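Just below sit the structures, each encoded as structure tokens.
Below, chain A partners chain B and then partners chain C, in two separate complexes.
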Partner chain A sequence: MEMTASGHTGMNSGRSHLLGAASVLGFFLVVCFWSYAIDPRYLYFSAYIAFGLIYGMSLQYGRFCMASAIRDLFAVGVPRMAVGIMIAVVLFSLVTAAVSLTGASSFHPSPIGLYSVVGGAIFGFGMVFTGGCASGSLYKAGEGSVAALLVVAALSFSQAVFVDAGGPLDALVPAAWTASAEAKGMPEQLTVTKGWYDQFLAGYIWDLKTVRVGEALGFSSPAAAAFIGNALITSILPALAILAFIYYRWYRKGYLKQRKDGATGLGVHLAGWWRMVTASRRTAIAGLVLGIAAGLQIWVTQMLQKKFGIGNAGELLQGLGHTSGLSLQDTVFDPGYFYVTTQEAQGAGWVLEQLGMNLRDNIFFGLENGLPAPWFNPVLWLSLAVIGGSAVMALLNHEFKLKFPSLEVAVWAICGGILMGIGARVGMGCNIGAFFATVTNGDPSGWIFAAGMTAGGWVGVKFFNWWIERKMAKETPLEF
Partner chain B sequence: MPRLRLIDPAGRWLSSTEPGHVRVVPATATATAPEADLHADFTGDTCLRTNLVTKRMLDAAHPGQVLEIISDNLSSVETIPFMLEGHGCEHLATVHHGNHWRIYARKRQPPTTPR
Partner chain C sequence: MAAKFEKLAEGNYQLDVQGYACPHPQLYTKKALEKLKPGDTLKLLFDNPSSGESISAMCANDGNEIVEQVRDAGKTLRWTIRKH
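Take a look at the complex of A and B:
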């Protein structure tokens, strides 16, 4: 039997939560309407805000987190979150395939290479200690978790510093990378032969090939390329295979034991598999909403770009007279879909720039993404809206609580966040940008990142398990 | 009636902990919750720590005992009910009190072998 009773403490508490939710939502509505009143082109920013709110609400409702997926599977054998993520992957891939047929897709595949495994492993290891992935930390910050806010801050600043770091790190750069970077003929404002990350990008990443399965398989029909190549082969079949493996490895035994009728056979296993997929209503609904919304955002962004005659938000900012934060190519980071980490790096980079650091001489900020002020960064507004959407949902459900971490938890949050930031840059994205957005758009590099993330997460769980055992042996024996 | 309190030697900034060994105190029945034999308070803890220690607690519990797990971590609150069957426990209730949750589980009796 399961029942959930809510012991809300009176009408005043309920009213204050409602007021809090209304205030948060009101803030974003004011920003959207006020900016539109200044110039209709700010509608482009409002679109990012709107989808950020939807993501935040869905993530909070479903407690949706890839760190949970890996951690709960390996630590306690619960597949709930992993199942939810696969549902979102399947749906996002179908919506994206449909959107791509309208000619509206801003997706750029990532290169295929071992860097994905390494970056994923570092990211996965780090996120076990923080208690949340990149998007998970944003929504948990919206629930009032100061530890999650520390994670976001740590991963933001670690990225900003890492992409500009040189000195002793340059000694770790293979000579082939340096030579290749030098041969690229980069603008003289950039010091591409100094700085580990510049040489990693220009001397290694840019030499790798990208693949989109739909195109690579040579389908003559765009619909076949989109639905069969990109959605079915790259997303749906691997997701179903993973769900089958999860069922076999973690769910089957318990399910058959519960049945008590001793029945076996394909029908029984299919029923068990379906029960596993639908076990958590919250997670399934969140996966559904996220998958559909993420696909729709691509379409909406493309429609707005056509409306305003732009290919990148940098052109919009130029037209609005805000040119100080643009890259050398007059661009800013503008993926047009759900993304986390790069915009946070930009936010931290802007802060460091105000403190006197020169961060424009590297490829990441100087050439590709720019350093716009946070209020002129559309994708950073998405991240803020994720936090806001989560706060709204948490307040409406009386789940918001300002939680300050213990010293130990704070240290884990910062150290894990730093690792996540480094992993995200090495892996060219995080659980959203390097996995969720890629595999659902026919880019198989996302599965390579996911493999690394899973391996890193597994090691992280083993380490954390050992740490807990050690602490419990010292602190408190279990006694009954 | 035994009570398990998780002790953090590093100390928490805001919530208080009791130093020393595990204390044994009677369970307190509430109007909407089952009477519990074992309590674990994970307020302020991360999801992984909460889940791992809960797992040990579930395995260590004796058949028939009712466990009360207190947490303010929503991810753990969502995950723990799914853990219970795998550790021979049944989920009795999840009660939301203010800004924390109390999860109640009972350790099942092992199946008896017919003579």
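Take a look at the complex of A and C:
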């Protein structure tokens, strides 16, 4: 195979790419140094920025997108991305287990419940149409895709509106949720018995139980709980089982055909399995870096929290005199690990608030996450840095291209993005927060979300196949 | 913008999916390759780098050969795939 890249090897072109990459990196460096000069406590923001840049670069380098993991398996039989994600899951779980032994873990498990399947399915269905998951859309925006930016905007605003919506939606709330929400004795300004999402949270989600496998199995040693309960049982064994299933269902036949020696047996299948795992160097490397970095971020955040004597960025903002965006508990959203969607909902919520909407009368913003201005939202800086990191990598590899979508692609992006936003709120997170960050921390709820996401993705692929065939039959000189 | 699948000559086809992001390019490519006979070639034009990774994995799995990969100044990827 001949691999050529014509037209971008001239000096000017090479320089402009380097200049572009340096400008993006320079912007984040200026933000970090300038904020540090104002107050060293802004280092907390810089940590989010630094990890965001690493995630963005890795995601772009490995074309790391959970939407494509599910979609490419069902639509074109390509397992590379699903394999990359499982590599990242294994690595992330091991690093997290080691980090947790230092006493540094800010992880909060999600409750176990059917809501994960429903939220995952809505999210998974939506992401097939947008072409990217929540983190995938960020990195694709960094490659210059305006459609991906539309996805990010749509999922941000749909979340912000959804968590505050009441009216006709209230009619769908079971009476038991309303009663349970009312019994929680929440502050009056939250009006918890009004609004679907408030009652969903206070009347349903808060009543469910959370599980961390390491604790649930009662290991006496913290190391055994972390490495055997949380990493091995909750992450590594399920990931290996999924990889074995993917090999059997999508890779084995092609591999045996290509061997041409007719050999079978365990050794042959193990060799085939290994070839599948290592088939895409880029994806495997990205999975490796993402897994390790995601684990390290938990440790770094905890170290910084200790250094500044805080438990949440809200305290830091309070100390710095920026209190207007804090929740009723004086907190802001601050997971301390790789997370996408909630911070974007905050960004959209802040915009809507500037336009005159009252979004503080709900649990999501008012009680739990706050509504800080985007520049005082550390986790939104992470999202921005993911876009920036991806842009740097794309520019360095001559892959950055500003692309405006056609009307068709824009409609898919917005509709899919809206569904992703609703799915993320029902499922209490996205492919990152509700899956990647949970299963790797001993919380099995992420596998439930993943099952829903896979089912939603499968239905989405069926629909999309039908749509494309119908469209191609109309538009191309040759029939598909 | 619309995907364009056309016959250039006997056994030589072209699929232009520039402007499309995932999952369109890989889905169109799969469907186009299904229509080709063994030995036919497909010239593929696309500009979504992420799809390239999926398309090359798809070709490796199905035994189809990517005989040429060119990227031009406008970031268009021009691949030639021979169906086996």
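For this structure, a couple of remarks:
The definition used in the following text is that the second predicted complex is superposed on the first by the 469 of 480 C-alpha atoms of A that agree within 3 Å, B and C clash if a C-alpha of one lies under 4 Å from a C-alpha of the other, contacts with A are read in each partner's own complex, and residues count from 1 in each chain.
Please note the rule applied: a residue touches a chain if its C-beta (ideal position, glycine included) is under 8 Å from a C-beta of that chain, and two chains touch if they have at least 3 such contacts.
The model shown is predicted, which means the values in this text are computed figures rather than measured ones.
Partners chain B and chain C, brought together by superposition on chain A, clash. Once the two complexes are overlaid on the shared chain, A:D72 sits against chain B and chain C alike. Judged by the touch definition given at the top, the superposed model places A:A148 against chain C, while chain B stays out of reach. In the superposition on chain A, A:E399 makes contact with both chain B and chain C. In the three-chain superposition model, chain A touches both chain B and chain C at residues 1-8, 63, 65, 68, 71-72, 75-78, 80-81, 128, 131, 143, 147, 254, 258, 279-280, 282-283, 398-401, 403, 405-406, 408-409, 464-465, 468, 471-472, 475-480.
Chain A meets chain B in the complex at residues 1-9, 63, 65, 68, 71-72, 75-78, 80-81, 128, 131, 143, 147, 254, 258, 279-280, 282-283, 398-401, 403-409, 412, 461, 464-465, 468, 471-472, 474-480. Touching chain A in their complex are the following residues of chain C: 1-7, 13, 19-24, 26-28, 30-32, 35, 47, 49-50, 53-54, 57-58, 60-63, 65-75.
Taken in their complex, chain A has these residues touching chain C: 1-8, 13, 63, 65, 67-68, 71-72, 75-81, 128, 131-132, 140, 143, 145, 147-148, 250-251, 254, 257-258, 279-280, 282-283, 394, 397-401, 403, 405-406, 408-409, 464-465, 468-469, 471-472, 475-480.
On the side of chain B, the complex with chain A involves touching residues 2, 4-14, 21-22, 24, 32, 37-38, 44-49, 51-57, 60-62, 65, 72, 74-75, 78-79, 81-83, 85-86, 90-99.
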